[in-house]
Structures are given as structure tokens and as C-alpha cells.
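Here come two complexes built around chain A, the first alongside chain B, the second alongside chain C.
Entry: the complex of A and B
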């Protein structure tokens, strides 16, 4: 059978201020009818450029350096704007990463699906409406009639992504490009969307290109997987076998780096002495309106104790209160309740003295915003050293501890990669010689391989300094690798607090059970 | 930080602005040395002489050499505009950054006050201030600074508000830094770029404001060779000696255009997101 999509020796370059950057180098891929190809790569690997090339949505500074992109035997590169319009949306559809920016905020959700049907299938408005409603029902929207009239800001992220998927599948396209469709969603919603994609695929039988950075996730939806690095396809093989026998060293690295619940990275036990305790800690955000006051709850009555040298994992989806907890402990938000620390009670951010602020350090999620872009690494590290009784001469040692060369001290943050920035942020936290470091989703913005090395670094630092960690993440597999105990947050409340080993023994809160079920396990069998 | 100067030279506006401002800068620095005559030397024989070899730009009703007066007056006209802008920018920027950092009710109060002040046109506000302070060059500087500060505060606040929510500010709060450090050392450097751009463009306004105030008799006092004042004096002789107005008018226009272009160039050079 002839392939739906075949790409041969395709090259693509971006030019900016006189220099050329090769985004895709000699890429050849084919997707057969009804086949889903997974394209796995880290940021900057060229995977999104490939999707843009197929959709013919290349930015003006791109130059194609030869090769062909054939869709059902027709050369997409040779098509004019009119022909492309008849292909896009109708025969090749795309699902984007972020549903909130993929939908037009000024149109109702229903209209965004029915419009596609009117344009591409020539339906009359009443027909399109009926068909759109059927499509919304098809993507498991609970009350399609109600959602039809709502605007994007009135729907949840999961609902919006379902609408995007409904619009993409509405014309029964021959090929669907899915560009990280679950990355912007939380774990449970993402798992449900993934399930939906699998079901639609089975029903409609279209061909697909599923782009993701997550090898484990892709191995669950794709038939074959292509691994891309630096614009080159380094390996291609069936999804069922890629975890078991990765051939290319880079694929092996990706497979190794993916967190696995059956592997333990923390081998020692936590200490017995309590280090820091929370007594019914609540965080409330006051939203002042003109006529009414609304209080949004960040965290409600959370109590637990972190022991010396313990790695306590905190898990929950966005809005569950896990970051509010971190911000309360770091003294960034007002809270009710008490923090017990070395025998003293702290009742608010004002009561946190220098000793507390030295002992409890925080590392933030986004490496781009956590370092001041106008300060050199040296200044960033010097400040906590000066404040907490260190010596500026220790900077090379600090950098060495986070495995950065001493000459990094003279650099500005924009000269560092995401992983390097995060190492500097970790060095800044350790400059204060802390007892507890709060890690707030510190690997969420990093690539998988980078994530693995940052985790390894954290554990090495813990071994050297006997630091305890409050490790906040949405990745259950990661927690299973590093934490001693796990705290599960749900809608601001602590619903479970148990040793990691008991996670899979079944005696958990229903929400925890759902999280466990949603965590993608690599296909290793 | 050498990068931005390089970028500036690569923008067309920036280069043009620099070219126009180079002679202005020369006049500000070396005006009195360059002037061929004493700017205040009265010569009854040379009254109202049109531009000639001896008086390149002509003379005024007292026979004073206009070229010399413009060269010497540059320091007062442009200097006043620059220092007024600097003063207004600095106070506005600090107020805006602090307001964004403190937030809440204080922020609300500061910003509403500023909105109210901004409703008054700059010239009117400057006149108001001058009518309380009295007239003179220093008072004019102060008046212009006061009328500029609210706008700068508003611009700075919006930039600072974005910086306020960055994690590096959270990190500073978490390690127990004081407000001063956070406003000046953490947020300050990150709001400086748009402030520099805005204030460069504002210098152009300031040049015209200084001239306007002098024209109205509230700024520099005769016989100072201030450009606006020169226009005011030349107004009566418009039909017999139009060069008395044209020369200082052209100087004001060129300076204003120069600063405007430089500001546009700086905006492009300091903002990497604007495509070149």
C-alpha cells in the first residue's frame, strides 16, 4: 500500500542575523495508512519544525534545502495557497500543544467546530451544528449543548483540548498531526486525552504523527517510533521494542532517563529526628473585587512532618495546593497555622528569622525566571553566601558541586542552557547550607535527559550535605524513584501520606489510585 | 553591555538620530568656545542684519550674533531639558518600581493619584508648578520634571509588575532581603531598558517644553540666549527679520527630532523581540 505521508531527504534551515541554523537534516519518514508514527525528541530537536513543514506553516526566515514531502503521492511543497487550503484542515489536521492558544477566544467553542464543517465539508449551518454536537459527544464532552455556546475562557483545559480534537477529527482527515497534545494538561486530564486519541484512532483509522518529548508516553500510542536529535532521525523501530532494545546510544539515554517506578535512586533511609513540621497550615488568597470578597483556597489544614535527611514527595495536579505549600514554607505567602522548626513555632512570614531562612531554601520550577537576567552567576551566588555567613571565595567550590566549570561565574543567565540555569539555582540554594530544600517542580521545564542529571545531582548533594528535600512534582514515577514518603494533595487538602513502597499496594485514597493509573508506564514487556 | 550600542548603530533611526545630535552635543559641550562672537555683545551698527559671511545666521534687534547665541544657548536649552528629563525619569521610575513591589492598596492609591495628575497636560502642569515656585531656569527644570514623573511611573510600573512576579524576586524575598535591595538591585536593572527608551523620547518633549516656558517668559530670563526665549524676542520682528525665529526654531526642531529618532533606535536595539 502506498504511504499516506512520505518525506524524503528533507532539509530545513533557519536564518537569523546572518547565521544559518540547520533545523532538519536529511529527514526521511513514511507513515502508512492507519499507522501512527511517534516522533520523539527534546526541545530544539526539530520535531515541531517538521510538523510546520508538513502543514506548510514555515516562518519567513526558513529556507528549505531540498527533499520532498509527499502526501498521498502529491508533493506538498509544490502546492499553491489555494491547493493547500483544500488540504489543510480537511485532509491533514493538526492538534496543538496548548489548547488555550489554539482556540479563538472570541468564538464560541461550538462555532469553532461547526465552522470547520461548513468550510471543508460544505454543510449548511444547521447541519454543521448538528454534526458539531455529534462530534463533541464523540470526544466525550459531558453536556455538548451547554459547551457549544461557551467561550474558551469558560471551559477547562481538558475540555478545550477535546474541542480542538473534535475540530481536527470533524472532517475525517487522512492524516492528523498531534504536537504534544497532553503536555499542557495535568496528569489525569492528559491520560484521558491520550485515551481519547487512541479510541478515535481505532474508530476512524486515520494515519497520525504523534510528536512528544516523552518516550514512555509515545510508546503507548504509536505503532512505530522515530527518535530525532539535532534535526536528524537517529533511530526508528516498532514502539513495542524500543524500550527493550534501544539501538542508538541517544535512544538508550532517553529510555534510561525516563523515570521508572521499579527503580530506586535513593537508597538510604531517612533520619529519625523531625526537622520541620506543619500544624494545620492553610493558605488563602484574597481576591478583592469591588463589590464582593472571594477567598480562593491554596491549601487547607495541611499537617505533616519532614524528618532529617528525608525526601518527601508532594504530588498533585495543577491547583491542588502543592505550590502554595512551598510558597508558605519559603515565607512568600501569608498562612494560617504553625510551622514547627527546631523546637520553635513560626506563625507567619514575618516570624521567619535569618536562621529559618537560611535553613529552608527553595528552588523554583522555571529556570528562566528564577535567575535575575541582569546579574552574573557570581553575583547570584555571592548574595546568599554573604547573607548566611559564607565566603565569596567558595563560589568555585559551589559551582564544582553542581558540576559547572569555575568560569561560569562570569556568565549571565542567558548564556546558560535550561539545565545549567537550574544547576545555578540549586547552587544558590546550597550556598546557604540549608537543612531543607524545597524543590518546586524543578525538572518540569527540563528535557528528559537533563531531568535525569539534575535528579542525580540533587541526590549527590543530599548525600554530601545530609539535606532533606520537599520534592514537589506531578510525576508519580519520579517520586517513586527518589522519595521516601509521598504526600498526595487534592484540591488543597492532603489526602494521602504514605511510604512510597505502599503506593502500589492498593490501600490508597481514590484520587491517588487514579493518579497511579494515569502515570504512563514504559512499554517494557 | 557593548551589544546594545552595536545594535543601535545597526538601526536606521538610531544612526540618523546620532548624526543629528552630534552637532547639538558639540554645542552643549563646547558652545562658548566655538561661538565666533560674544553672545551678548551689542552692536548697533549690525542690527537686524540678514545671514551673511560675518553673521552666518544673522543678528537680532541688538545686533547680537545669532549663531553665537544659539551655540552658547545650547547648554541652557538642551541641558535644562536633559536634567529635567533625568530628574523626572528617575523619580518616576523609582516611584513606579516601588509601587509595583509594594502592591495592594498603596499601589492603588499611588496609581490613581498619578492618573489624576496625568489628566493635566504637561505644559499646563508645568505652568501650574511655576506659578507656585516662581520663574527661572531651575524652577522650569523642576516643573518639567514634576510633569514627567507620573508618566514615567506608569510605564515603569507596568514593566516592574512583570518583574515582580519573576521567581528571582521570590527568591530574594525568600532569603529575607529588604525592600530596598529588591527594588534597586533585583527589579531596577530589569526595568531600565524601557525607561531609557521612553526618557530619550521624552527629552524631545522637554526641549520643546523648556522653549515654550521661556517663550511664555516663565523659564530663562533675558538676556540669556535660551532658544525659546530667543523666539519670544524675535516674534515682534517677524516681518523684518524672520531669521531671528527661524534659527532657534530650527535648532529646537532638530534637537527634538534627533532625540526622537535616537529613542526609536534605542527601543529597537534594547528590545530583542522586535524583529529587525
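Entry: the complex of A and C
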């Protein structure tokens, strides 16, 4: 059978102010009819450039080198604007990473599906509306009539992604490009979207290119997997075998770095002594108006105890209250209830003395916004050292502990990579010699290989300093690897608190059960 | 838009206008003019002046005078003109009507030119059309009205003779003549504003064209005009509304010069005449009416913004 898409020896460069960057280097790929190819790579690997090249929507500073891109035997590169318009959206459709930015904020959701039908199938507006409603029903929207008239800001992330998918599948395309379609969504919503994609694929039988950074996830949806690194395809093999038998060292690294629940990275036990406890801690956010006050709840009556040297994982979807909890503990928001710490009761941020603030440190998700861009690493680290009785001479030792060379002290944050910035943020937390470090989704913005090295670093620091961690993440597999116990947050409440080993034993809150079911296990069998 | 928001905005506007009326009253009170002298002339006898002062209540304490002025003013009654002996209110509202017509014409002309200009500049970014659009905009904004007005008069009234130079004809009397009399003054005001809107639209449009949802629209294979007009322009125009509302304020001020040049009996001209004649009730009325119009237009702009941008909810 002739392939739906075949790319041969394709090259692409980006040029900016005289320098050229090779984004895609001699890329060859084929996708057969009804086949889904997974394209796995980390940020900057060129996977999104490849999607842009197939859709023929490259940025102005790109220069294409040699090579062909053929779709059903036709040369996409030779097509003019008119021909491309008849291919895009009709024969090749795309599902985007973030539905919130891919949908037009001033058009109704229904309109954004029906316009595709009007354009490509020549339907009249009423016909297109009826067809779009049918399509929305097809992607399991509960009340299509109501959703049709709503605007993007009035719908949930999952609903929006379903609308994007409905628009993509509306004309029964021959090929669908899926660019990280679940990355911007909650774990549970993402799992449901993935299920929907699988079902549509079985019904429509289209070919697909599934782009993702997550090897474990892709191995569950794709037939074959191509691994891309630095613009080159380094390995290609069936999804069923890639985890078991990665051939290229980079694939091996990715497979090794993917969090797996059947592997433990933390091997020792937590201490027996309690370190810090919460007694019915609540965080409420007031929105003050002239005429009324409304309170939004961040966290409600949360109680638990962290022991010495314990890694306590906290999991929950966005808005579940896990970050509110972190902020309350770090003294960044007002809270009700009590924090017990070394035999004292802390009733609010104002009651946190220097000893508490020194002992409890926090590392944030994005080092880009938590590191002052106008300070050198030296200044960033000197502040906590001076505040908590350290010595500026310790800076080289701190840098060494997070595996950065001493000359990094003179650099600014923008001169560092994402992983290096997060190491500086970790060093800043450890400058205070803390007893507890709150890690608020600190690896969420990092690639898997980078995540693995940051996790390894955290565990090494814990071994050296006997630090306890409150480890907040949305990745249950990661928690299963590193935490002693897991706290599950749902709608501001703590619904489960149990040892990690008991996670798979079944006696859990329904929400925890759903999370376990939604966490992708790599295909290793 | 909740009823609460609406009520709060109306209250706020009322408060603003109260402050404006206080300032206007205070300023006109301290003007170096004695109303009695203005009415009776320099040679009036002290007894006659005292009688007029008593009749006008000029001997009352300031707050009482303010109240005696404010309360009827709230009902549209701004007193009797010292110049014409006619009630000020009806005259001012009629003048306001003529000015608003001119302002509406100016805003309309401005939008008709500025939107295509901004759009063309954004689509042809960095090319000659962009430079040309920039040149036109900046020329318009940097020339003062009396210069553009003179240039326009020279070309269209004097050289070509297409349009009348000055004067005003009510639209109800002769629509064609009315419009032709409005054309040059409206164009003069519009030229200054083109830069605001076209530059704003250009930069908004460039941002929107780079957005993910416009990319998505193109990848849906939609025709070019739908991508530009339905997906991009709609979103790029939203912030422009705010600029237009601010411009209306500018127009109400800028119109004073233009009305004077083209001899249009609008509120700006009425204000100048009133100041020259030291006609206190007329000055007060004109100032307060202009402030109220400005506040009202901004209120309308907020409402329009909320109606067009579905994400905005005033609570």
C-alpha cells in the first residue's frame, strides 16, 4: 500500500541575524494508511518544526533545504496557496497543544466547528450547524446545543480540546497531526481525550502523527515510534518493543528517564520523629469589591504530619489546592488553622520567625519567574546565606552540591538552560540549610531527561542533609518513584493520605482510583 | 454586565459631574468680572448695581449661590444668558447637537480611513504600504488643526471649489448642503485622529496575526478573507474601541478651534462667544454639558467593549 505521508531527506534551517540553525536534518519518515506514528523528542528537537513543514506554515525566517514531503503521492512543497487551502483542514487536520490559545476568544465554539464544514464541504449555515452539532455529540460533548453557543472562556479545558478535535475530524481527514494534545490538560482530562482520539481513530481509520515529549504516553497510542533529537531521527521501531529494546543510547536515556511506578528511587525509610504538622489548615482567597466580598477556597481543613527525612508526595489537578498548601507553608499566603513545628504552634505568616523561615524553604515551578533576571547567581545565593547566618564563601560549595561549576556564580539567569536555572533555585533553597523543602511542580517545565537528573540531585541532597520534601506534582508515576507517602488533593480537600506501596492495593478514594487508572504505564510487556 | 456594575458606574459618573460642576462654579465665581457690572455696564449707579446684585442673589453665601445654580441645572435649566437674555439651556443643547453631528462625522471619516490604513500597514508590515500608512498617520497627527484646516480650505474650497468654505446648514433643511458644509471641518478633525487608531490597529493586528488561533484558522484551510476579517480583525479592533472613546474626548476639545475656523455654531463656538462676553451662565452651562458628554461617551464605550468582548464581565 502506498503511504499517506512520506518525507524523504528533508532539511530545514532557521536563520536569524546571520547565523543559521539546522532545525531538521535529513529527516525521512513514512506513515501508512490507518497508521499512527509517534514522534518523540524533547524541546528544541525539531518535532514541532516538522509539523509546521507538513502543514506548509513555516515561519518567515526558515529556509528549506533539499528533500520532499509527499501526501498521498502529491508533493506538498509544490502546492500553491489555493491547493494548500483545499488540503488543510479537509485532508490534513491538526489538533493543537493548548486549546485555550488555539480557539478564537470572540467566536462561539460551535462556529469554530461549523466554519470548517462551510468552507470545505460547501454546506449552508443551517446544514453546517446541524453537522457540527452531530460532530460535537460524536466527541462526547454532553449538551452540544448549549456548548455550541458558548465562548471559549465559558468552557472547561477538556471541552475546548473536544471542540478542537471535532473541528479537526469534521471533514474526515486522511491524516491528523496531533501536537501534544494532552500536555496542557489535567491528568484525568488528558486520559479521556486520549481515549477519545483512540476511539475516533478506530472509527475513521485515519493516519496520524502523534507528537509528544512523553515516550511512555506515545508508546500507548502509536503503532510505531520515531525518536527525534537535534533535528535528526535517531531511532524508529514498533511502539510495542521500544521500551523493552531501545537501540539508540538517546532512546535508552528517554526510556530510563520516564517515571515508572514499578521502580523505586528512594530506598531508605523516613524518620520516626514528626517534623511539621498541619491542623485543619485552610486557605481562602478574598476578592474584595465595593458591594460584596466573595471568598474562593484554595484549601479546606487539611491536616497531616511530615516526618523527619520524609518525602511526602502531594498530587491533584490544577485548582485542587496543592499550591495553596505550599504557599501557606512557606508563609506566602494567609491561612486559618495551625502549623506545628518543633513543638511550637504557628497560626499565621506573621507568626513565622526566622528559625521557621529558615527551616522551611520552597522551590517554585518556573525558575524563569522565581529567579531575579537582573541578579547574578552569586547575588541570588548570597541573600539567603546572609539572612540565615551563612557565609558568602560557601557559594562555590553550594554550586558544587547542585553540580554547577564555580564560574556559574558570575552568570545571569538568562545565560543558563532551564535545568541549570532550576538547580540554582534548588541551591538557593539549600543555602538556608532547611529541614523541609517544598518542591512545587519543580520538574513540570523540564524535559524528561532533565527531570530525571533534577530528581536524582534532590535525592542526593536529601541523603547528604537529611532534608524532608513536600513534593508536589501531577505525575503519579513520579510520586511512586520518590515519595514515602502520597497525599491526594481534590477540590481543596485532602481525600487520601497513604503509603505509596498501598496505592495499587485498591482501597482508595474514587478520585485517587481514577488518577491511578489515568497514569500511563509504559508498554514494556 | 450586572445591574450592580451599571448602578455603580452611573453613581460614579454622577459623582464626577458633581465635582466638575463645583470646579466650574468656583472658577467662574472668581473670574474678574462682576455680573452686575457686566449686565448694567461701567457707568451704572451703585444703587442700580446693588439692586441687580440682590435680584441675582450675588450677596448670598457661595454655597447657597451654588445650590441655586445647581438645582435648576439638574433639570436642564442653566439660567438666563447675560448676553441674549434668552434661557441658556435650550441654546446650549441645540449647539451640542450640532457639535455632536460634527464629531460623529469626524469619527466616521476617521474610522473609514484609519481601519483600512491600519489593516494594510499590518498586512504589508515592513513594506512600502506600511511606510506610506505611517507617513500619512504621522503627518495628520503632527499638523495642528488650523494648518490642516487652511490647507483643506485652499484645496477643496478655493482651488477646486467642490465644497463650501464656512457656515452651517441644518440637515433637516437641506441634507446635501448640510453634509457638504460638514465635510471639511469633519475631515480636519478626522485627520488628527487617524494616527491613533491606525497605529493602534496596526500593532494589535500584528500581535493577533501571530497568535495561535489565527494559525489554527489558517491550518483549518479557511479562505484568506475569513482568516483576516472573522478571526483576526475582530480581535484586533477590540482595544481600538478604547482609543476611539478617548478620541471622542479629544474631539470635544479640538472641535472648539475647528468650529471657530469654519463658523459652525456648535458648543465650542458657543463657549468662546460666552467667554468673550463674560456670559457666566453660558460658560458654566457649556463646560458642564461638555464634561457630561465626555463621561457619557466613555460609559457607552465600556458597554460596547463588554458587548463585543465576551470575556469581559463587569460585575
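Assume the second predicted complex is superposed on the first by the 522 of 525 C-alpha atoms of A that agree within 3 Å, B and C clash if a C-alpha of one lies under 4 Å from a C-alpha of the other, contacts with A are read in each partner's own complex, and residues count from 1 in each chain.
Everything that follows uses one rule, which is that a residue touches a chain if its C-beta (ideal position, glycine included) is under 8 Å from a C-beta of that chain, and two chains touch if they have at least 3 such contacts.
Given the structure is predicted, the values throughout are model-derived calculations rather than measurements.
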> Who does A:493 touch here: chain B (first), chain C (second), both, or neither?
Replying inline: neither
>> Once chain A of both complexes is superposed, is A:89 in touch with chain B (first), chain C (second), both, or neither?
In response: second
>> Between chain B and chain C, whom does A:57 touch in the aligned arrangement: first, second, both, or neither?
In response: second
>> For A:151 in the superposed arrangement: first (chain B), second (chain C), both or neither?
In response: second
> What is the contact status of A:104 with respect to chain B (first) and chain C (second): first, second, both, or neither?
Replying inline: second
>> For a test of understanding, state which residues of chain C touch chain A in their complex under the given definition.
In response: 4, 8, 211-213, 215-224, 226, 230-231, 234-235, 238, 308-311, 315
>> Residue numbers of chain A touching chain B in their complex, please.
In response: 17, 327, 330-332, 352, 354, 357, 361-362, 364-366, 369-375, 383-384, 387-388, 425, 428, 432
>> If we count contacts the way the header does, which residues on chain B are in touch with chain A in the complex?
In response: 166-168, 170-171, 173-177, 186, 189-190, 276
>> Which residues of chain A touch chain C once you look at their complex with the stated criterion?
In response: 55, 57, 81, 84-90, 93-94, 96, 98, 101-107, 115-116, 119-120, 151, 153-154, 164, 167, 289-291
